[in-house]
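Each of the next two complexes has subunit A plus one other chain: subunit B in the first, subunit C in the second.
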Partner chain A sequence: MIYEGKQKIWSEYQKDIPDDHYFYVRSCIRQSFFPASEKVFLDIARNKLGKDFFETEHHTTCGGIAYHSDAIPQETSMTIIARQFALMHKYGYQNYVCSCITSFGLYTETLETWREFPELEARIKENLWKSCKLEFAKPKYLAHASDLIYKFRNQIASQAKFKLIEKKTGRPLRVVEHIGCHYAKMFPSKGFGGAEYPYVLAGMIEAWGGEVIDYPERRHCCGFGFRQYLVKSNRGYSLSNTHKKFESMEPYKPDMIITNCPGCPYFLDRWQYVISEIEGKTYGENGHGIPVFTYEEVAGLVLGYDPWDLGLQVHQVSVEPLLDKMGVPYDPQMKYKGKNNKDIGRPELPTCACL
Partner chain B sequence: MVIGGGPCGLEASAQLHKMGYNVILIEKEKQLGGHLAKWDRLFPEGIPAREVLDTLIERINGVKCFTETEVVSINLLDKEYNVILSNGITVLSKAVLMTSGFDLFPAEKKEEYGYGIYDRVITNADLENYFASKNDARIVENPKRIGFVHCVGSRDEKAGNRHCSKVCCATAVKQACEIKELFPDAEVFCFYMDLRMFGRGYEDMYLKAQRDYGIRFIRGRVSEVSETLDRQVVVKAEDTLSGKPLKVTLDLLVLMAGMQNSQAGIKVGNKIGMRRSEDGFFTTKGSILSLQECDKAGIFYAGACTGPKTLPDTLNEARAAAISVHNYFYNTEI
Partner chain C sequence: MDFGFSLSPSSRIDLDLFDREKFRQLTELEPDVLKCMACGSCTATCTAGKFAKNSLRSAILYLQNGQSAQALEYLKPCMLCGKCFMVCPRGINTRHLILSILKIYGDAK
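Right, the complex of A and B next:
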């Protein structure tokens, strides 16, 4: 691996991101999968970095899952998106940041399509007025939330309570970074680092002390891939994709995986359990799985948030081995305590060594 | 004035000098010969490039030649071109012949192939250099599996080059055979779209590669390249003949970088408004009868600056351009 070669590519795919004042939209599935990630993102942005991030309960899904599953036509998803942008405008914002990678890809695709086909943009403008009586507007800047954490990665590092370093030995943690397909594969220039060697997560890992692993199936799909999972009969295909990735990364002995997509951490996390049940094989140390995180969760760990406030107890693969490596303190008794110490219930422990 | 001291410029200068014209040849590099000076052997027979180049250089005896020299400005003054050179010399030239040649497509632009990122990915030019020097740290001792990727930056809209670079297929077959000679135990794969063996002896070379050298030709474009823990390269492609995806781990991957118009030539062309076609190469006055002429009076073209060409084609164009210049001076048409 020639690191300078990657640096050269990274330098060619940089974005000039506004520093402040964003209209934030959540993902429609992340709050179920990784419930604290978006809350932690806003908390970091507002309270650790002192930025203005606005959100409204009136925004909806972008329609991405339905669009990519061919359940709704493009014009419908574009009108939904136009409504989201109109809300941004209504609340006085010009910079739009979304939590979901699929949304980011779809917003980018929509803006590019409107640029290429102004007549379509005019039709959507009309649809928006007829259906919602809202004024059409386009964002001055579109970012994915991971772009913002990337942008402020060094600021986060300067406030770090913990690093991606094994506390006992000082060894940088070996980190697999997995980028959602819709981040830059469709529009390489829209992602930090481009499509082939994205830097958005690698930059965070480096800034926070970890070592990035580049393994042969790094670019391969996590296994979600919409049709692979949404169509029940294709789920074996979804699983085989994930399996392929784990087989490929295994020799590199990763300590953890970081992702920036709603589906990727879910599938990389949950399918490890399924693989262990089917094949009796796990990919982490001591018969455990490899812990999988969202970038917000990792930023939260680095900044010293309580792991259970980050929602790490809902992961399939237990995170404690990684917390121990980083030296992050945690109270095992509090793992399944929710708000006001309410018991949130414990998983029915399967025989899987992932838990 | 002949701009570009590669094989085309050398041959054209020699021919014009022989006809009795006062020729000035300029070359931006320190040495003459262009890409030929960096090549080891030439297809189809494997003639040493050095032998050909030495002969071409011998032929320009008597031609005024400036190396490490570039065109600073070029203007038409009545019927002559006023050319100011970077060495401080100003030349009044009645005719200017562009023989600025080509640049190899920068293979790192095809990011998915990992040139400049993965240790064992090299280009056709790197391999020629290795054949000549036997020195390249990226080539391990006794590689067991070697791959060639055709059409790197050619016939590729995404790379901005729709055109075929013409020589890469034959070069890949030649290089595949040569590397097999060096490493007889190695398995050698060529990933191609379709093989364009149009020249005399090329088809024989291709047959020999399969029959005598056991080169395996796989019709399919490589989709991505990655690296294993021990620095081998993993190539993913589709074998379109068997209709199956393919993944192979190699010790060396050679990218057949295609041709595009030389940046140095374009820089000169822009100074005087030489038109370029969609493919980036200079536009000739006609596509059949006046291939050596520019639509600007007194400017001529030869070689790869008007599109990819083999070396014999380039040398023929150099001679044709010399005749075109001669006809221009005598205001005659054939």
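Right, the complex of A and C next:
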């Protein structure tokens, strides 16, 4: 299919999402993997875009990892989710936005299951009252945080201090976009662009000046896959998935990767180190890896946040080559300084001295 | 460095390397090969298959993927007894098909 044709199909998969007033829930793992992403999202939403985003410390994990690992039954995860929705209702919100793709997929699955099986919904309602004494409610609208950044991408572009463009040459950066499987592969109508042509990240890249790479394994899973990495002996499957994607994208010489899932940036980032140790191969320029970012981090870079405030120092693949390309200023001395200039420690270099 | 896990070899089929000509010849000689729905009745009933690696179902799939050497491996122990012909729900003349495969792909290494 020709690229223009794809763009036309993408434009037909749109969804209307509310402008404002959201109940925000964090991911249980993103804060360890990419510690500043969620903070930056809230800062952009509240202070740069002037929106009302509420969060409470009382919300918990959605139970997604336990559910997908067969550690808890579906009813348990549904009751956890019902509690989250009840908290939203308690604080007077109707629109629910989550930071995690696994959660988004599970919330969608749960709402669809309740719609299909009302008797199950009634049982969960009872479970919720017995366990938490909370009133059952369902959100009027369920969104993923990347939907909102996508929705406001042009507003972000209008406030941009840096674009996804190589400063020296004016060349648009070649960007690989990777969308979490649970965003639209299970319920295509719930994501921008459906399952096959999701536009949520491509839209951001185009609005911010980059060029989207269309490579053969674009829709392939990153390899996260829950049971693939939870058991050590299975991790080869996870690694092989990531390897397959990198082999496929390599000829297109990507400058960076953007993802909207908790697991994808983590695995695409960390497995580059493992592949370099096992095979001695790196996929970026000059023996470096390809830097991998969350969409909030990229929005933050575009809006001129300090790279170290975005938590880019905890990435496995060093981000400096990309910052240099974009012309983003940074202080190398401050890379490993935490709060109040406290040293946060330095990672050991890989044995192949790359990345 | 030993991580305790490693890369799995890729099982990707490169269709650019697919020898379509031989498969075209086969379908010309044996159009019934396209009727196979890989149900596995032939393999389940195979007398040789109980003791050796013999499976017409696998062989057809390998041929479709352009892996003729593997396909021939799966046909080697065949004694041409014809039991598979009797059980095939699509009525494929399996014995004749196997002979045609050997005739066309016989030199595959």
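Of note:
The working rule: the second predicted complex is superposed on the first by the 349 of 355 C-alpha atoms of A that agree within 3 Å, B and C clash if a C-alpha of one lies under 4 Å from a C-alpha of the other, contacts with A are read in each partner's own complex, and residues count from 1 in each chain.
Everything below uses one rule, namely that a contact is a pair of C-beta atoms (placed from the backbone, for glycine too) under 8 Å apart; a residue touches a chain by one contact, two chains touch by 3 or more.
Because the structure is predicted, anything quoted here is derived from the model rather than measured.
When both complexes are superposed on subunit A, subunit B and subunit C end up clashing with one another.
By the touch criterion stated above, A:His243 is placed in contact with subunit C alone, subunit B being left untouched.
In the superposed model, A:Gly194 lies in contact with subunit B only, and not with subunit C. By the document's definition of touching, of the two partners only subunit B reaches A:Asp214; subunit C does not. In the superposition on chain A, A:Ser233 makes contact with subunit C only, not with subunit B. Note for the complex: subunit C touches subunit A at residues 1, 3-8, 10, 12. Chain contact summary for the complex, subunit A toward subunit B: residues 1-2, 5-6, 8-9, 194-197, 214-219, 251-252. On the subunit B side of its complex with subunit A, the touching residues are 108, 111-112, 115-119, 224, 226-229, 231, 234. If you check the complex, the residues on subunit A that touch subunit C are 232-237, 239-240, 243-244, 274-275, 277-279, 351.
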